[in-house]
Amino acid sequence: MSALVELREATKSFAGGVLGRERLMALERFSFAIDPARPGITAVVGESGSGKTTLARLLLGLIEPTEGAVLYKGNDLRQLSAAGRREFRHDVQAIFQDPYEVYNPFYRVDHVLTTPVRKFRLASSRAEGRRLIEEALRAVGLRPEEILGRYPHQLSGGQRQRIMVARALLLRPRVIVADEPVSMVDASLRATILGSLRKLHEELGISILYITHDLATAYQVADTILVMYRASVVEAGDVELVVKAPQHPYTQLLIGSIPRVSTVRNWAIEERQGRVAAVSGCKFADRCPAAMPRCVAAPPPLYRTALRRAAACFLLDDSPVLPPGDTGSVLVREERPARASVVA
Amino acid sequence: MLGYLRRNISLGVGIGLLGILVIFMVVGAFTVDTSAAQPLSVPALQPPSWDYPFGTDRQGRDLLAVMVAGTPLTLWIGFIAGFIGVGVAAVLAFTAAYYGGVVDTVIRSIADIGLTIPGLLVLIIIAVSLKGSLTVNQMAIIIALLAWLSPTRTIRSQVLTLRQRGYVEIARLNGMSGPEIIFRELVPNLLPYLAATLVSSVSAAILASVGLEVLGLGPVEAPDLGMTLYWVQFNAAIINGWWWWWTAPLGVIIIVFLGLFFLTAGLDEIANPRLRRTV
Amino acid sequence: MGVSTSILRVEKLCVAYDHPLGAVRAVDDVSFALRPRERFGLAGESGSGKSTMALAILRMIKPPGRIEGGEVWLEDTALSGLADDVIRRLRLAGIAMVPQGSMNSLNPVVRIRDQIADALADHGSRLSRREVAERVHSLLVQVGLPPEAADRYPHELSGGMKQRACIAIAICLRPKVIIADEPTSALDVVVQRQVMETLGRVQQRLDAAVILVGHDMGLMAQFVDRLGIMYAGRLVEVAPIRDIITAPRHPYTRLLIDSLPSLDHKGQFVGIPGLAPLLRELPPGCAFHPRCPMAEARCRSEKPAVRAFGADATAACHLA
């Protein structure tokens, strides 16, 4: 199987510190592939600093990896020709978090819809372009006559975000990277927008990478999930398994901290301060109630604990280490530092 | 529009003052005989009278004719220098800010070094080394050589604030190239700022040209405002009591600068929403 | 909801903003009573008026906004009649507020200890240096910060610690009411829980009441005793949190609860159709009727009055 877009041992670090000697890791040796033959919705969940936004920007080609590579149809993004680049842009699109910033205040909102029609030659005439745009707006539940011709400040955040989904719809990409698409939208509108995303996937076979810090929406929207902590993956797999029975201590802490809309008050999980100070090894060791001396010595690999899940914790070391090969079912390809990369 | 002018007082005053000048120049061009702006046209050193409303100077120029002929010349120098200066600055600034990296460092360093050199000194050296007399256009070019330095820095800062905006990233995702993003997405948002920079650049250019001319380094044959002031001090008009000779050009210059100043302030208010006092 | 049993009482409060196109009611005829030691939530989406409510209680509405009518009572004192300096002293000593984004409003060049000391001094406390130091120490311990935090500058603390420092400032004069406006919106889920636990602990120790303003219904469900729901400037429902979740009376509340994603089972995506109305262009009758699946003719013409359901609950709906 060939991946459409792939991250291969991609690392992104920034120079930091007084003399630029320290390196701040934004994403560490991350490998992940999107297979167009098996489209799915994968959620990438993590807090700020986990690396999820860096992951999105690398996949979109907005930033370049410090090490490793981002590949499109097997070719490194940095080496694509102009035509290849345009193809890439057509196939991989995004929906961003802030429905205010993505609009150029100088133009009417039509601009975000007419520009891709023009740049990607989606229509042969202006009338046809207009028709496509109106169709896309209707598909996300908006009325073209209420939207077209307006300036961004005249519309609500929810409307603007739905226009962005319509834009993605217009392009019919193979992959949509949705970076916190509903976090700045009112609660009552979130379900509508997420429903549109789900529909995009089901009706058009578009793979969606749903990046968020909100586990509840991730659970509702996605089939599989990647949990990130401080630039690495700590747990991955089928979303039902991971959310209902988390195996990594961080995931357990995360899920336990989420306030539920329920008459049951479950906010009782205690976060015990770990006794081990981590300098190397597992990044969660300093906060982990189950930390052992071996956790500080070396970072744990991802252990495959079931057909459709894996977690990076020494507590699970009786499970096999996840081999560098596509397992398909987990929808994730992980590679650990010490292992040689084998292309499946 | 008029309603807005009433709220944005600076803009209104600026347009008003410059409007008066324009009317003066246009009406004057039709009613006044501008050949009288040349020496030996009329009796010398006449105080203001019905025949010569602004009086005449020592070389026999009708000062009203001089004002009518000279004001456009001074403004012309300012506009040419200002436009070239801001035009070059804009190109350099957008390029430096959008592409960043080495390009940015090079452009920025050149501008910074240029800014530390005293501008007037450079202009004087250039003007003095040119053989033969200057034309008005050559004057404009000389000033334009320095006029691009400061706007490059300021426009660059403005572009930097816009570069990370979401709509620029969306534009990249649309497959737009660098120059396309600059022209379609960034420039339109900066138009008010560029307009304000242009006006202040014109103002600075006029000041520089008048300064050079007063020192005698300008186009000697042109009857423009700066040269008139040169002749004023060359002939010690102030000491000699020929007050009408220097009040006319001074008055016009004051109106020019005040007009441009208020215009800049008014445009600043449009460009910077935080300065706006009204919606 | 009698006078003697409530620590804070809001009666028919109206806040308007003057706009060139006409005045806009950001808070429309809102009444509720806060009991001693009660945790009261004020939930609503953007534009519902909840933050304006919080500011209005503290008399902190600035032009072009103004309090158009109604009254706020702190125990038995009506706040509208008080002079400016009396109100100023009441803020922090009687009613304290942890505003939105307050962790970013801490003075970056002043140490935490001095920020607390300033708050004390500003309200006329005449403690000696040693007493102030002891007070600061005790406050930091109460909010779960290490005593060394007193010497730190805000940028040396994490987001959660800064927010807890803000809580320490808010409680330093032992207020009877604490208003927290979105205290955890910028914090991650794990830290959020810690900060809310701190707030709860502190509140119990002080025997104070808390008004939590926000839009995170999960947070409300886990923290508050009673919840008020705001829509288009009106308080459309108030009830004990259990009832809000299991048996809401107002259709908006019901739709809102139904639209929230759960972690228990995957479901359909049910949102609320339409858009929240612009306060400038409120529909006639009930402001929610264009989006309400149960709207009747009466709802389109007649604005529903707020009716009481027992001592704890109110709802503004013809069909409740």
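Observations on the model:
Per-chain numbering from 1; labels A, B and C assigned in written order.
Going forward, a contact is a pair of C-beta atoms (placed from the backbone, for glycine too) under 8 Å apart; a residue touches a chain by one contact, two chains touch by 3 or more.
On a predicted model such as this, the values are computed, not experimentally measured, just so you know.
Between subunit B and subunit C, the least number of touch steps comes to 2. With centres defined by CA atoms alone, the chain at the far end from subunit B is C. Among the pairs A-C and A-B, the greater number of C-beta contacts is found at A-C.
Averaging C-alpha coordinates per chain places the centre of subunit B 56 Å away from that of subunit C.
Look at where the CA atoms of subunit A average out and do the same for subunit C: the two points lie 34 Å apart.
Taking each chain's centre as the mean of its C-alpha atoms, subunit A lies 53 Å from subunit B. Contact with two or more other chains is made by no residue of subunit A. Remark: subunit A residues 47-48, 156-159, 186-195, 198, 213-217, 219-220, 240, 243, 253-255, 257-263, 265-267, 271 touch subunit C in the complex.
Looking at the complex, you find that subunit B touches subunit A at residues 165-167, 169-176, 185, 188-189.
Taken together, the subunit C residues at the contact with subunit A in this complex read 45-46, 188-190, 192-194, 196-197, 215-219, 221-223, 241-242, 245-246, 255-257, 259-263, 266-273, 275-276. Those residues of subunit A lying in contact with subunit B across their complex are 60, 62, 85-86, 89-90, 93-94, 96, 98, 100-107, 112, 115-116, 119-120.
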